[in-house]
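Each of the next two complexes has subunit A plus one other chain: subunit B in the first, subunit C in the second.
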Partner chain A sequence: MTWHVPVEALRRYESGAIDATQQLSIEAHLVACDFCRSALAGSANRSALGRTWQAIEAELAAPAPGVIERSLLAFGVSDHSARLVAATPSLRRSWLLAIAAVLTLAVLVANGAEGGYIFFLAIAPLLPLAGIAAAFGPGIDPTYEIGIAAPIRGFRLLLIRSVAVLASTIALAAVAALFLPALDWRAGAWLLPCLAVVATALALSTIVNPLRATVWVAATWLVGVGAATWAATGEASARAVFGQQMQVAVVVVAIVAGFVLRARREELERGEHR
Partner chain B sequence: MTNVHVEGVVKRFGSTRALDGVSFEAGAGITGLLGPNGAGKTTLLRVLATVMAPSAGEVRILGRNPASPRDRLEIRRRLGYMPQEPGFHKNFTVFEFVDYVAILKEMTDRRERHAEVARVLQAVGLGEVESRKIKVLSGGMRRRVALAQALLGEPELMILDEPTAGLDPEQRLRFRETMSHLGEDRSIILSTHQTEDVAALCPRVIVMNHGRTLFAGTPRELAEVARGSVWLSPERAPDARLSYRTGEGRYRNIGAAPEHADLVDPTVEDGYLMLLGEEAFVEAA
Partner chain C sequence: MGPAGTITDEGLLVAIGEGDRDALRELYDRHAAWLLLRLRRRGADGTLAEEVLQDTFLAVWRKPQSYSGTGPVAAWIWGIGIRRLIDRLRRTWALQPLARGREETVVSAEDEVLLGVEFGDLAGALASLSPELRAVIQATVLDGLTTREAARLLRIPAGTVKTRMMRARAQLREELT
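Let's turn to the complex of A and B:
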């Protein structure tokens, strides 16, 4: 080796105050030159090296992500959003099994009883609603208190978790719908009501406690379906209750709720400041 | 510099006044909050941590007003909070849990975040157990996990609600060591039942009862409240407000002088008991 990297250039390289071309050139030289490598090692900033080692150790110590996180990462979701989803209480296996059990029951009722289809269509939209209620809020999310005092936007956390719960529960309900007695339009008639009740509950969560919002919306939904079913006695009730009129109505409700949620989203950052 | 300013703060829950006109200020260093159960310590700390708003009164934290959304966000960015009963995602490992809280604290760069998680776990002595699930940890270790998350991001203000509860003597000493380092360049407000913690750690102490501040001063000043009222005697003093047999066989009495008694220097605990009055003696007895 006929030349060596000047000490000044090595210092700049070590501190990172160097452009990319010079950096590459010095690195190519370092690979071949024992003398410069030793010079660099001798002058290396100990605290910078310590930080680098600490970062490497931290990466080695970081556990491999679980199934939910791995699946989300595969879909291009950022690692921090994936962790926020993985911490959702209502995505635990026990919860999903409970949802599957309720759906199985609803399918059995739909297959076994006259008007059982209504039961399935009334229950299916409430399952994601229950999942979202169990995804955040005091007394449910174990880290609620720490989360409130943290700077993360509550609105963002709410949306991330709601989408994750909606997606998983809708997938389960869609599978259950395949086992309904007739695979016509009715098998999907729960989907829009599902979005409407969820959007309404989220919008209401900006005004009252999320759990209370969920209970009110669920009760209103069941009373509404019950009343419509009672009024439609004698007709082909599923068509009368969940027909076009109702689908249009729930879309309007979902849109209004979406606007309310957007307008009042700052309320979700307050914690118990309301 | 005043980092926490609280004036005439009231917090009502229905007809109960959990805080009934609390006022105090805290600057850099550790401020200890002492008081019996139900004194309002946790409510006060939750107000300071921006978890809840007071019903009345003025609160300023790090020079900002937590009632304003923008200020509140800024306070949360500079705050470390350990609740009295921190919940955990028990299926997470220690590392995953603290990493999760780091995400809640807006640390999105994975490498920097992981390095920070490793640093705080090391600081509370949990580096060796970082890959264990939280559900298999002892109560003392879980409190250290809770403390670790409060250290994330080197907050300027730390609010710690009974951080020493459930710690064994060795862990308590370790905790004091960690706190005394941290308290050198930031504000820490911690609540405790342990007068020894206050005497060992806090340059400043506030005593609360029934939602009010009874005392604010140094631990030495708190001890001085009982000056002239603490006696050692060979027999139990019948008129003492509190009398107990010490390890050396003599009786330590707080209150009027018994016969053949020696006046002794009061401790922080003596001062605290004197300050709380009859109620404390009923509880202690």
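Let's turn to the complex of A and C:
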């Protein structure tokens, strides 16, 4: 190209004091002419360009959000909450796969033996419990150190993650329940116990360290189910163990635990009882 | 960066496709200035132009392979930029009512310009187009937008873009013969 935009016309284009026809002509030429582009770049607004480049670099350096984070963002969850949930160890694929494996086993047992229902109903409530226990604590949570220093309430983080873990695990368990031999009330009998053990463990975490609280609650649950099964005098039926009385009892336990948790939530701030 | 200055824009795109950030920087140094200016001339004020510039180069970074290999790289970059600008403008427009009274001025402005035709050359013919007709020519011919995209940018119905385009062509033809 031999013709170039006169410097004076470029200046007027930059300032905006130019008639529309000349602007059209200059813009059409700039697309094709390296020389005039660099002439324009030479006198450009350095600060705006520098600022924008820094923003681009920052964007390039940021890790791409994962599937969980992106779907949460799509549902309108704020970006920092989405990041907190996505960093939860018990929402990793490996963890969810492990949950799915345990559920598959439990369903197989339930399909195989008469007493298998009890096995499924005893195991299902413990899975979210384990997930929530794994969502916190120095050994497992990769953001634990960051969390201690972060200007966010430990209680809020606990609730956000607990809800996320509960939701995902309950969804998996609900899918598993569809494969039980019969789709009656028993397929959902694990739901209230599930909420009760989680609430109890969280409430207990305000007193002892969360891992210990989880182990205690899980052990108590299993012993309780075992005792009830045994007390059902050999009649190993889910109806006898997970019947109405038991459902009412776990609701009471869940409500009491909820009150304890609410009253003692300050104790759950990070760095305590660890 | 030194020797990068001798690489063509197309070569830079290949390097960007391989994850070379220095190549992106070089492409940015070559094209950011005119792009920013041209965005400003299309109604992107202040930080909006910078946001669109950022969007554009992030898009270049993520999908350099979407350059078809024909035509100047600058035209391809502009195609990304103008579309990002339309996206952003639509989001801000969604929050505020349509500019009032814009449609009403069309006829009178056009009539006025039609009466003032007195040049025979192309530049004069273009200059004699009413601002509304010229905006349509600019959006479709120069910016390479489709009728629908031009309609979004100019905030007029697509049918209006078509009729204005026809009118502008007729007027230009008349003046150049």
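Some points to look at:
The definition used in the following text is that the second predicted complex is superposed on the first by the 203 of 274 C-alpha atoms of A that agree within 3 Å, B and C clash if a C-alpha of one lies under 4 Å from a C-alpha of the other, contacts with A are read in each partner's own complex, and residues count from 1 in each chain.
The definition used in the following text is that contacts are C-beta pairs under 8 Å (C-beta built on N, C-alpha and C of every residue); 3 or more make two chains touch, one makes a residue touch a chain.
Remember, it's a predicted structure, so these values are computed and weren't measured experimentally.
When both complexes are overlaid on chain A, the residue A:Asn111 reaches neither subunit B nor subunit C.
When the two structures are aligned on the shared chain, A:Thr220 is found in touch with neither subunit B nor subunit C. After overlaying the two complexes on the shared chain, residue contacts for A:Ala87 are found with subunit B alone; subunit C is out of touch.
By the touch criterion stated above, A:Glu266 is placed in contact with subunit B alone, subunit C being left untouched. Once chain A of one complex is fitted onto chain A of the other, the partner contacts of A:Ala28 are limited to subunit C, with no touch recorded for subunit B. By the touch criterion stated above, A:Leu40 is placed in contact with subunit C alone, subunit B being left untouched.
Looking at the shared chain after the overlay, A:Asp79 reaches subunit B, while subunit C stays out of its contact range. In the superposition on chain A, subunit A positions 51, 55, 57, 59 are in contact with subunit B in one complex as well as with subunit C in the other. Residues of subunit A touching subunit B in their complex: 51, 54-55, 57-59, 61-63, 78-80, 83-84, 87, 92, 141-152, 157, 266, 269-274.
Residue ranges of subunit C in contact with subunit A, taken from their complex: 21, 24-25, 28-34, 36-38, 40-41, 49-50, 53-54, 57-58, 61, 72, 74-75, 78, 123-124, 126-127, 131, 134, 137-138, 142. Residues 13-14, 16, 19-25, 27-28, 30-32, 34, 37-38, 40-41, 44-45, 48-49, 51-53, 55-57, 59-60 of subunit A touch subunit C in their complex.
Of all residues in subunit B, only 46, 49-53, 66-67, 69, 72-73, 76-77, 79, 81, 83, 86-93, 95-96, 99-101, 103-108, 110-115, 117-119, 130-131, 149, 159 touch subunit A in the complex they form.
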